[in-house]
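Pasting the structures here.
Across the two complexes that follow, subunit A remains constant while its partner is subunit B and subsequently subunit C.
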Partner chain A sequence: MMSITFHQAVFYFFSAIIVIFSILTVTSKRILRAATFLLFVLLGTAAFYFILNYAFMGALQITLYAGGIVVLIIFSILLTSHVGERFEPIGWGKMIASALVSLIGAGFTLYVLLNADFIPTQAPLPDASVKNIGTALLSYERNGFVLPFEVVSLLLLAAIVGAIVIARKEPHDTENPNNE
Partner chain B sequence: MTYSIISIMRQELGLVVIALLVLFFDLVVNEKNKQKVFLIALALFGLHTLAGFFPFEGGNLFGGMYSTQPVHILMKNVLNIGVFLVLLMSASWLKTPQIANKSNEFLMILLTTLSGMYFMISAGDFLMFYIGLEIASIPMAILAAYEKFKSRSEEAGIKFLLNSALSTGFLLFGLSLFYAAAGSIYFDDLTRTLSQPSPLVALALTFLLSGLAFKLSLVPFHFWTADVYEGSPMVVTSYFSVISKGAVAFVLGILLFKVFPVFEGLWQNVIYTLAVATMFLGNLFAIRQKNIKRFLAFSSIAQAGFILLGLLHTDNLGIIVIIYFVLIYILSNLAAFGVAQAVYAASGKENIEDYNGFYKTNPRLALIMMLALFSLSGIPPVAGFFSKFFLFTAAAKAGYYWLVFIAVVNTTIALYYYLLVVKAMFINPNPEPLPTIRSDKYLRSALFITVIGIFLTGILSPVFEYIQAMVDKF
Partner chain C sequence: MTGLVYDFSVITQSIDHYLVSHWGPSLAATIEFVLVGILYLLIYALVGLMLVYAERRICAFIQCRLGPNRVGPQGIFQTIADFIKLLLKENIRIERADKLLFFVAPFIIIVGSFLAFGTIPFAKGLHALDPDIGLFFIMAATSIGVIGILLAGWSSNSKYSLIGAMRSGAQIVSYELSVGLAIVTMVILTGTLQLSEIIEMQRDGWFIFKGHIPAILSFVILLIAGTAETNRGPFDLAEAESELTAGFHTEYSGIKFAFFFLAEYMNMFVLASVATTLFLGGWMPLHLGNFETFNHVMDFIPPLVWFLVKVFTVIYIIMLFKWTYPRLRIDQLLSLEWKYLLPINLFNLILMSVIVLLGLHF
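Moving on to the complex of A and B:
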């Protein structure tokens, strides 16, 4: 009964990687190291998709998150702060309090999740080929995603316009002594 | 799937078209005429607001992912009225030299966040709900940081962004648990499959409610509110405190009444506790505030606590009183913010002390402020009295007599600090009161509309009956 299959072993291995590197990400004193640790968390998540046979999502995860977003984060770190800069050390009181809160929260959530009786689905596994994903993305029937797909572009547009407004240099910026 | 999509989604489509037109005009007109885009946007949005009142039956689209009923259209109309007033009030601010060269982007982002609220209200599944929520919150951070030449505004933007990311994280985790429990994120599937309260569902609901409580700034999720409200430009603060808040209150009502009615026993106690904590803390902290924006921030926290009372009456009456309350809250709070905006635009002052002797020099603005504060605290004959009265009636009908008692106690506390401002304006002596303010015609017409609204929405029963008729079709 207790024998662990190969599948499970791989799952636990990647889970361990994710947990360890997540903790390192938030406790690291150097911001560039934190970003690098985050990269491993994202790669570990990609591994989960491959284990689930969802290769398309795994590839997306690697290209978008590990490839794109982490690079973006590192770029913005290099452009805005000194690489060698360290965070101020956090006081023990804060450290213990936040650790306690996280542990209690995680423990409670785990307790509920482990005791929940999930209903195993009877439906056959959907075919996650790129063709089907593409069809679902543009389908307006049930379980189609054309509406969210289109609406998200609104968010992107507003965010891009906003980012330009915020980042643009303006003559008034330098006049005000309040601005560093 | 035919052309019916255009007629069913007409409010969303109309709004998105207006937002894109603003962006387009900003690109094509020459520098001289950039300011005129505001007029076009105002006119188009006014038409859009009026068009929303044409009777319409609504319908479902995209396999239930989007649904709109008369009640949803009514909610969007209420928000439209508020946004129209905010636009009117923003006219003078958009002309200030630091803002003028990015005023049209401001309009475009503001209208986009409103479209996010529309999608959130009309969502038929958690994916659309989530995307709507994000459209309504990420660009808000940009609006909060719009006066980026002030470090306080930058701080407000980053504080809002981080807090909203945290709350979204909570919310998403809750949604993933719902998916784990039900195997679907469509609202109709959830109501069908989740018939029994289980620990898993309770946990999911807790995360979902915490996420929404952040957005509604309920105690104990309110810590970001005062700083963000204080740092943001006055127009954005008023938008935050009435439109964002109203939209989330509506969505909370829709979710709790239509998606999770079977778990009434689970969430009613949570709402009860949140309501009591929010009313008390919001009111007690409001007493201590010296800055008018912080003061209105805490007062709006307390008002959110009152809105929760309506959620405890779980049939149509609950929805009716929430819409009615939010409508009157929008009018009264915008009147107060409008006066504060006029004072700030003319003198740059935003402390309550500065309002000493305000009545001597600006009798009309002082009277409007007094009316607004009376309406917020619920003194008859202004509309705020009726909205609070109906809210308390709904809670009492559901059997929550103690809660109504606590709410009445809180109304009294609120009355005390609202009257402090009134006292400052009318009684406190001031050798150097603020000069007489002459604000532009947009702000004056906005204040005029709010004052009319504060009187009429309370006295005219057709308003309440109209809301009732729309909700009954739900």
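Moving on to the complex of A and C:
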């Protein structure tokens, strides 16, 4: 019998959590439950980063995904749905088609994964302290990320302006209530 | 210079050595997890009960009443009696509620505040977690709590709960911004996120004195925004009794209601601890320039006492807010955040950067 180390046990524990809650996320009939299960999947992923001693990424995962995106999803569910609502049962045709697609996808991924030759790297681990990440993020030299950082900020600015344009009322609409 | 040093890491390390030598590293780590967990749960509950008692007494004195004063000397066992009462109360099953989410929601809130509670440095070497991303970790952990509030409100299947949860969620999400910016302003000064290092840097003076104007500004902003983020008065329109019964936890009863109550008070404790650590030197004693005698006398007071005294001073200020100011309307709440706090915060951020770059801080 193979004995497992403490680290492996923790790893398998969180893997089990992720697998179970991923399945629950897609099979749940209630949309807010699905969102909650998704939250547990994302928290499980954060746990992996903490196991790898990469606390920065773990905290980022919790803030962005758990505290940001899941909150956004839950907010939109709260505004649109009711506690008694259930998903409609899916027709046979759709079920078979989606099962086929997911089986093919899973098969392909497994095939590539199992045939890949994973070579453990000999290079020393990069220093993942907050200071280094911060410097790299705003550095314009080799291995610096200032250009993608600025491009993303431009994209976000465009998204914010777009959201305001969609959400604001046109001034002439208030004068003429019939014009909808 | 340092005089007496109360270093708790000696004790924790000796316990660790003992456990490792007897059971090996894996089992020792497991035992330590369980021990620290139980210890922190106990402290968590006890501090929570104490805060509830403190609030009732302080509120009573502000309103010229006596407050709870019958159970035990000065009524200090009142909240423990209340807690036992809540334990024995019936957990009312809500028909037509989403039972699973209704059950899970209080735990999500508790986990969020408990994770943040774990990083608080009570004294040198006396903290459960000390990651190098300390402050960021606290922000991340507290951001989970809002999900619990939203889930609790929605799964109760009640209008009051849902409206309360929506108000609460919107409020927390917007005020999180101000809390984050106030903390970032201080991080420019500290240059590190690790809580133990931040405290160590304040050995020769607290940051509220070292960073003078921008530090005081961000201290005030942190207190205001933090009070709003913990859903406390005057920002408690999410649970405005006169209109919403009790907000998102209207349908909860017994021990689950106690969970929400406890989490709210412990979030306040975490907020006060973060403010203490960032601005008031954490567990560092007060030192005044070159008054050697005075400094030595201050060194004799244990760091744990220093920490608790500072934290309870901050908590007292937060409680004064609640019982002095009237509740804000939703538009006042939003304009306070977006029209006042946020611009002041951004200006403060620039001011702090300039001061740090020019070396104008002490």
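Here are some notes:
In the analysis below, the second predicted complex is superposed on the first by the 161 of 180 C-alpha atoms of A that agree within 3 Å, B and C clash if a C-alpha of one lies under 4 Å from a C-alpha of the other, contacts with A are read in each partner's own complex, and residues count from 1 in each chain.
The rule is short, and it goes like this: a residue touches a chain if its C-beta (ideal position, glycine included) is under 8 Å from a C-beta of that chain, and two chains touch if they have at least 3 such contacts.
Predicted model only: the values in this text are computed from it and were never measured.
Of the two partner chains placed by superposition, only subunit B is touched by A:170; subunit C is not. Of the two partner chains placed by superposition, only subunit B is touched by A:142; subunit C is not. When the shared chain is aligned, subunit B comes close enough to touch A:118, but subunit C does not.
Contact with subunit C, but none with subunit B, is seen for A:39 once the two complexes are overlaid on the shared chain. More residues of subunit A are in touch with B than with the other of subunit B and subunit C.
Of the two partner chains placed by superposition, A:4 touches none, neither subunit B nor subunit C. In the superposition on chain A, contact is made by A:151 with subunit B only, not with subunit C. The touching residues of subunit A, when paired with subunit C in their complex, are 5-6, 30, 32-33, 36, 39, 55-56, 59-60, 62-63, 66-68, 70-71, 74-75, 77-78, 83-84, 129-130. Every residue of subunit B that touches subunit A in the complex is listed here, in rising order: 1, 16, 23, 61-66, 97-98, 101-102, 105-106, 108-109, 112-113, 115-116, 119, 127-128, 131-132, 134-135, 138-139, 142-143, 145-146, 148-151, 157, 180-181, 183, 186, 198-200, 202-203. By the touch criterion stated above, subunit A contacts subunit B in their complex at residues 109, 112-113, 115-119, 121, 140-148, 151-152, 154-155, 157-159, 161-166, 168, 170, 172-173, 175-176, 178-180. Residue ranges on subunit C touching subunit A, taken from their complex, read 25-26, 29-30, 96-98, 100-101, 104, 131-133, 136-137, 139-141, 143-144, 146-147, 150-151, 153-155, 157, 162, 165-166, 169, 173, 192-193.
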